[in-house]
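Okay, so here's the structure we're looking at.
We call the chains A, B, C and D, going by the order they appear; numbering starts again at 1 in every chain.
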Amino acid sequence: MSKPLNIGMIGYGFMGRTHTNGYKRVPDFFPELKYKPVLKAACARDKEKIQAFADQWGYESIETDWKALIARKDIDAIDICTPNNLHKEIAIAAAKAGKMILCEKPLAMNAAEGEEMCKAVEEAKVPNTVWYNYRRIPAVTFAKNIIDSGRLGRIFHYRANFLQDWTINADLPQGGNALWRLDAAAAGSGVTGDLLAHCIDTAIWLNGSISDVTAMTETFIKERVHTATGQKQKVTIDDACAFLCHFENGSLGLFESTRYARGHKALYTFEINGENMSLRWDLHDLHRLEMFDYGDEGPFRAWKSIHVTDAGGDHPYMNKWWVPGLQIGYEHSFVHQVADFLKSLEEGKPCGPTFRDALETQKVCDAVLQSAKEHVWKNV
Amino acid sequence: MSKPLNIGMIGYGFMGRTHTNGYKRVPDFFPELKYKPVLKAACARDKEKIQAFADQWGYESIETDWKALIARKDIDAIDICTPNNLHKEIAIAAAKAGKMILCEKPLAMNAAEGEEMCKAVEEAKVPNTVWYNYRRIPAVTFAKNIIDSGRLGRIFHYRANFLQDWTINADLPQGGNALWRLDAAAAGSGVTGDLLAHCIDTAIWLNGSISDVTAMTETFIKERVHTATGQKQKVTIDDACAFLCHFENGSLGLFESTRYARGHKALYTFEINGENMSLRWDLHDLHRLEMFDYGDEGPFRAWKSIHVTDAGGDHPYMNKWWVPGLQIGYEHSFVHQVADFLKSLEEGKPCGPTFRDALETQKVCDAVLQSAKEHVWKNV
Amino acid sequence: MSKPLNIGMIGYGFMGRTHTNGYKRVPDFFPELKYKPVLKAACARDKEKIQAFADQWGYESIETDWKALIARKDIDAIDICTPNNLHKEIAIAAAKAGKMILCEKPLAMNAAEGEEMCKAVEEAKVPNTVWYNYRRIPAVTFAKNIIDSGRLGRIFHYRANFLQDWTINADLPQGGNALWRLDAAAAGSGVTGDLLAHCIDTAIWLNGSISDVTAMTETFIKERVHTATGQKQKVTIDDACAFLCHFENGSLGLFESTRYARGHKALYTFEINGENMSLRWDLHDLHRLEMFDYGDEGPFRAWKSIHVTDAGGDHPYMNKWWVPGLQIGYEHSFVHQVADFLKSLEEGKPCGPTFRDALETQKVCDAVLQSAKEHVWKNV
Amino acid sequence: MSKPLNIGMIGYGFMGRTHTNGYKRVPDFFPELKYKPVLKAACARDKEKIQAFADQWGYESIETDWKALIARKDIDAIDICTPNNLHKEIAIAAAKAGKMILCEKPLAMNAAEGEEMCKAVEEAKVPNTVWYNYRRIPAVTFAKNIIDSGRLGRIFHYRANFLQDWTINADLPQGGNALWRLDAAAAGSGVTGDLLAHCIDTAIWLNGSISDVTAMTETFIKERVHTATGQKQKVTIDDACAFLCHFENGSLGLFESTRYARGHKALYTFEINGENMSLRWDLHDLHRLEMFDYGDEGPFRAWKSIHVTDAGGDHPYMNKWWVPGLQIGYEHSFVHQVADFLKSLEEGKPCGPTFRDALETQKVCDAVLQSAKEHVWKNV
């Protein structure tokens, strides 16, 4: 009794691949779900490239104009994998056309755009979600469950960082298909929207709202050749960003992101310190959750590294995969998000993070960038 | 112009799932391959169960008699995922029917059986491979490439273990569909064939042949209820096995496996010590390879932990997946084995480990079990 | 031809013990030094306690009035291990009396006091040093040597934290001999002077001066019983402090300290990210230095964990101790500081950090506390 | 009311230094002990060298003939730090002279010698101990206490190794003062007596007696220049040794030692797997004990790394040192052995490992070497 859910994918880059893989894997591993994604159409301006993408992944058809895609009656859900500067227009049009929307993060170029998008999906009453995929890494979901159980007690500290090193080379250009993330006109910001947004989404999910921030940003390489013009142009993104903050629960936050931390490929880490327990996680070993439990017997208290791979128990999602000790990877977080989205449709519930949830992250990002610009504390 | 390769799968357990997932993922991530696996038929005696399996994974048809499956003209390759005691009969029949064979490890109940199977596939000249999947974990393949480059110099030591803890509970029964691995009649042996065989396959691949061994085995829980009879029966498998050995290259080997090492879910580790370099790997963090390079500048010499996730470079298979820093998991080793098998068909070359390669592992296992029984050194 | 250096120790607490052990161990392990410390006198107001301390450690005599100690002709050097609020008065008196001074960190209650102390020792031209002992952990000194060699290239980031958890219990009192660190009247500040000061000293030493800061502090437990009065009193120290900063070399800094990070006993860590190399260190495994060297061959690039225990080579101080692989501990940093102080006397050179060096750290602490109070960026 | 214990030290090498440091540190950190070691005399044939050693460490006098030392009335205890081939003669003479004996490990060249030594001290009724110092690393003692509490339940496995790499260089000579460990005439054996003996001593202490063994040894570099003759001579020691064994409690053992494991300076590790708990330790991070406790709540079960540095609690010896989080090092194990020896004198109890205890280790070593020679299992 499965029901097809016809997907219209816009974009074919890195995220186009991870989402598509998510749609394809779900029926194999979550056979109990009523909805089955169908790869109905893939869309991009470059006909040759989108055709190749569609062929590789098995999309039934292609479009070269996203408006045409949205207009199609046989599409149930629009997946937005474009550069950030197109999110708003596409999302609003899709909402008006009554399509469900699965939008790549960050939600928008800024909170003002995000607010418009939220209104659009809420008025249209269409299911919507934003791909903050790290929530669905089993170890991260496990952390959420532990925190929600109240075991940590009063929270004192939360810290997170997302460290990369891939833009240290000054010869790397900016802009174009491959490197639009280095161009503020397409991306909105640099590491703040690309990397810190992930940290903020997880933080709010785990530890509640952020009240105020003080931030600094830096652009280490001031000029890069722009792919579009072939000319050296000013770099407009933030290469690095760090901020201090207060959470509404009274705990202190510390966040940092950069693409200039030599030696770190994609080191997203977070740590939360509660009165009774602390938790720590690291994307480079994403299948592990570190825990310190003050409830342990005195001399045996220590950090433990939980291998979150138990199929039979309380390790989220892991009963869907293999046997204890055998790890899954990065891509599975997207499979899980698809599964949860499909389940939310069955249950008629929202699938977090919704556009509205993602807007809160956007507001923090805006406050961070504004604080860095004005050198003052900013309320969110 | 892809060519279908029609798969006939026998079995639907843990390995049935990992292999099937391998067949399904390959076209998405290795689109350049000429052959595309088609899930033509799944086979098992239990009609209801095999139908459910086929429905979940998308097999086009089912069979309840493996002989009928082998007889089908529309099947190109037989995948054997049965308990070990059926490998020989099925493989020989499949070979005679001219089918390619992908056989789950260990090859057979013992070397004598394995020898027959080798002869059958060699006479029939059918492509054949055995699923010693760990060879295709990128970090392990990377180790192989480094060793083959000669960088390690003279090899002094090789050690490996495979430690689990899932059978400590004395109330666990033996036998039946789920627990045939605890019944020597179905499995041939205990940890030796199930776990040590993996260690031995990798060891021979990386470090060459093993000459002689001295071993000990132990059965800690002497009796368990047998699922088939409901009665307590003698446990006939080895719960633990360890052996010392000489490799033909003059290096010393040390191997251990057990299902009674509390705290270890599936801790397969190996380490190789060469004159100039050492390497170490661990299944619990399978995306990492540890390396010590004596060629490093003196005060900087140290073990490094290579995060084998570089898409652009020399990290095997990783250009097929995501971006640097984002790990893949256990299941990908099977995807890689399918891909390599398909490529070997294109190239008309064997895909290691072939039946003949796996026979060498079987011979070591036999020598180990014999040495343990007789309390003497045994030549392989 | 050794020359005695007569030590007058003021205080007998934790630091009194670490310094005294330093004086006693030096001749055994640094026999080449001309000066040999002699434990001439120990001083504290409590006669019984200081006598017990002198007996245990072998001080030749005691005093109960530090002015009397300073007045003694047979004392060459005064070691100040009192609470922070006494540093200034004692140091200035000692300088006027022509004594060398080894002062426990932080230098003073604030920069104004520190400035007076600097002037006093500089006018008196007496050798002086401040016990920022972590500089002399071999792995930290090794980091300094590597950085000074220029191998890191342009520096982008520096981050450090000092995390503890020993004051989470709300029943812990403040003040008195044991807990003066929780009383701002005796300590000047909380974690800023006690813990962050260490991080700042190392940071300036490794990465140069800090220009400006934005900080936040928090006092989680607002009232504690004061040991002196037996009454609940407002807690005046900072329980936690974090700040962002710019270094003069253009790199970004991130610092955090707290006594509310459940699970961390004394987790002082720092990391520095340069264009070509990154280094990382952690007090919980103080004998290791982690290094990432971009100069390594591409696929082999990784973080390595250098076991800084080589006796024969370039691992600082380690030729004085045991054989490779055998670690030394925390206390040895004080032995090294004594040895370096004695050597500086032989050579007629200052022994860093001098009072003047430590004043710079004090100025950063002042700016941090002021920034946190006023919620603005502060220049140092 | 302290009582002097006059030490006569024979030898001035690496162990002469560690023992002497032990004698000197004890009164500072264990002030409650009645006996205080006094460095009465140091002895070696080379007058100049022993004088330099005595001067550096503060021995009151020297001797160049160990018989003269033993004859001195003012000596209470003889510390034997000579090459192994002198242990027996000295120990027996010292016992006959009524001296206490602290003998460096291994006890003797072989069990026959050891038996004679045991008889001598037992007849003379003199206190005696052997410096298997690793028992007194706090994390190791902690492991002992946990095991003795019965928490582990039935033991299934014990494994240990001691891996070094310092003799890989074929140009390293054998023999002489510095390299007598490479000469079987002086050392008795190679890694078996030098390194495996440590592993065996700890194993027996923690897990009880060993029943039988099957072993292999190897000499990788067959000839080295002998320091005494300047000629290339056959190497007579074992460069590497590994063995399997049964413990009397029914658990299985696996041991390995080598000086050809590139990358390992002094990697002594052990692991014990019990029904309910497992423990693991590693000399390269000697202040940590790893523990897996099956009694933990299901989803939270994991290996934890206990930082064995708590001053206030049940971490053995640590109340004598600093504060939680601050590690001690290798040398402290000798301080602890001296302290325990002195305490045993006060209490009139033996201080393990006694000569008799060490003889059991010697017997295992003998069985190992014999098994390796004959290629058969050997009872101990």
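To be clear about the criterion, a residue touches a chain if its C-beta (ideal position, glycine included) is under 8 Å from a C-beta of that chain, and two chains touch if they have at least 3 such contacts.
Chain identities (UniProt): A, B, C, D = Predicted dehydrogenase.
These numbers were taken from a predicted model, which means no experiment stands behind them.
S.K.: How many steps does it take, at the fewest, to get from subunit B to subunit D if each step moves to a chain that touches the one before?
M.R.: Minimum step count, subunit B to subunit D: 1.
S.K.: Please identify the chain with the largest separation between its CA centroid and the CA centroid of subunit B.
M.R.: C
S.K.: Return the distance between the CA-based centres of subunit A and subunit D, expressed in whole Å.
M.R.: 55
S.K.: Could you grab the centroid distance between subunit C and subunit D? Build each centroid from C-alpha atoms only and quote it in angstrom.
M.R.: About 36 Å separates the centre of subunit C from that of subunit D.
S.K.: On subunit B, where are the residues touching two or more other chains?
M.R.: Touching at least two other chains: 264, 301, 303, 307.
S.K.: Can you list the residues on subunit D that touch subunit B in the complex?
M.R.: Of all residues in subunit D, those touching subunit B are 156-157, 159, 165, 168, 214-216, 218, 220, 240, 242-244, 246, 252, 254, 256, 258, 260-264, 273-278, 292, 294, 301, 303, 375-377.
S.K.: Which subunit B residues qualify as touching subunit C in the complex?
M.R.: Touching subunit C from subunit B are residues 142, 291, 293, 298-307, 310, 313-315.
S.K.: Going by the contact rule set out above, which residues of subunit C touch subunit D in the complex?
M.R.: Its residues touching subunit D are 14, 18, 21, 24, 27-28, 31, 55-58, 164, 166, 264-267, 283-287, 307, 309, 321-332.
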